Amino acid sequence: MVSEFSITRTVEFAETDMAGIMHFSNYFRWMESCETAFIRSLGLPLTAFAAPGAVGWPRVNAKCDFRAPLRFGDTVEVRVYVKEIRTRAISFVYQFRKLTKGKLEPDVLARGELTIVCVTTDAKGKMVATPIPADYRAKLRMAPKSAWQDED
Amino acid sequence: MVSEFSITRTVEFAETDMAGIMHFSNYFRWMESCETAFIRSLGLPLTAFAAPGAVGWPRVNAKCDFRAPLRFGDTVEVRVYVKEIRTRAISFVYQFRKLTKGKLEPDVLARGELTIVCVTTDAKGKMVATPIPADYRAKLRMAPKSAWQDED
Amino acid sequence: MVSEFSITRTVEFAETDMAGIMHFSNYFRWMESCETAFIRSLGLPLTAFAAPGAVGWPRVNAKCDFRAPLRFGDTVEVRVYVKEIRTRAISFVYQFRKLTKGKLEPDVLARGELTIVCVTTDAKGKMVATPIPADYRAKLRMAPKSAWQDED
Amino acid sequence: MVSEFSITRTVEFAETDMAGIMHFSNYFRWMESCETAFIRSLGLPLTAFAAPGAVGWPRVNAKCDFRAPLRFGDTVEVRVYVKEIRTRAISFVYQFRKLTKGKLEPDVLARGELTIVCVTTDAKGKMVATPIPADYRAKLRMAPKSAWQDED
């Protein structure tokens, strides 16, 4: 059972805006990418409930604090922690830290959260919340609060 | 002095994802677009602190609750309310509602918030928070809580 | 039968990059948005072949010449011309011109083309090219070469 | 002197659209990312002409043929070839091929080209084409036509 995971990404030109920094909407895409890589690393299925009976994971809440900007070419660790597992929903906490010459800097430059809900699609194509499948429960574990909490 | 504003947008094909709904990161782009149109409607300058002495408005916090999905072709009102004006920061609340045959539906399908900070750039190119300019203060007014608060 | 159409758009902050201009990938999104609005204006169905028997229109070729940059806040006319209608494919030409105080400037700042193919999905979910439906043929007409051709 | 380079990428959820495939605009972003990684691998400076005297590389032409779709989770090699070096411009050819269990598949699923121009910014902030710097010329070499040409 695993409670955290990380990916490393570099800020791309298309992710910057005219202020010369990474556009804030891209942090949310990076969080989702980290979550995807995490779920994939556990051998869990990743679908978008296209197949009958398949589950999907729409986001019901997303938030992020931006403490210092990221710039073109910055290499960044995005680390995800399982904050909470409920019957039908999971919350993840994300921390963004710069990697300078391969060394992780101590400052958390951004801190986000995503809450996702497990859904299936009913006969009319409407999303309906459903209990988290057993294989997800068997592999994911909540991280201790001390792991992801910070003072700010 | 104005405390709210709205734009109307239609969900584009490129904004959908394989789940058939608008990708959640795009709600944040729509909020920013609504803010831009609001500021522009007031005749206030919109810059990205490229010019010496100009101010910029990076986001320090962004969040959104997603209550029901938006789909390709949906026409949506994005309404912004000035939630709070502080010395160096402004918070906006956003509500997303569908327009069906030109009529606004009552349900708020998504509800977001952005907090932006007024900054200038110091000699080294670092962002430094600075008091909100007088022209912004003269034109923006906080909306009453009753305008933007809801029960959910 | 109609052979051209246009939309007006304003360059958004999220569409700029650190060079201070609209990122080139967004021109392709704008072309698609213009095409969508065009098809919708004709009352033709717009689907993504999710429904059985429905057709979709993946792009098989996309290109664009960028002659002068677009900047944050620029208001732009995107005009689409039907260049060619074949059995299973349609080619569109797009011209981007700035609107200054509501007046269209003569210079074409960017010129693009998209070729789309009409497809259905076979039993395995694979896309298969199929003849363009009669309702599309009945409403779309090729524009004369003189309408969209320029010297550059 | 180097004439080709490649990166490996996985299609992310946010890069798909409601047709269940990677949105075509993202191929252009991937090409640019591959170019960036290529230039960086050569130790050449990558700027956006913010600094006085610095050069930037806006695109003047972009095109892509899409032969078969990419789907969520597909791992893809993007390979760039230096097609042509002129006085002020460089053209790159890009090939997209799937990696299945680490093995490169023979089919080119998409084939693109970008032509970029070397510019500086004049006193008014306008871009002006300028000869390619010597350090770029010293490190980049044109690839033989046989390397990037295909029959289609």
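Letters A, B, C and D mark the chains as written, and numbering starts fresh at 1 in each.
Here is the rule we use: contacts are C-beta pairs under 8 Å (C-beta built on N, C-alpha and C of every residue); 3 or more make two chains touch, one makes a residue touch a chain.
These numbers were taken from a predicted model, which means no experiment stands behind them.
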item: Comparison of A-B and A-C by number of C-beta pairs in contact, larger one; value: A-B
item: Copy pair chain A, chain D: interface residue numbering same or different (half cut); value: same
item: Rounded Å distance, chain A centre to chain D centre (Cα mean); value: 28
item: Centroid spacing, where centroids are CA-atom means, of chain A and chain B in whole angstrom; value: 23
item: Centre distance in Å when chain A and chain C are each reduced to the mean of their C-alpha atoms; value: 34
item: Where chain D touches two or more other chains, by residue; value: 13-14, 17-21, 25, 29, 32, 48, 50, 72
item: Touching residues on chain C, where the partner in the complex is chain A; value: 13-14, 16-21, 23, 25, 72
item: For the chain A and chain B complex, residues of the former touching the latter; value: 17-21, 24-26, 28-29, 32, 48-50, 56, 58-67, 69, 127
item: Interface residues, chain D side, partner chain A - complex; value: 12-14, 20, 29, 32-33, 36, 40, 46, 48, 50, 72-73
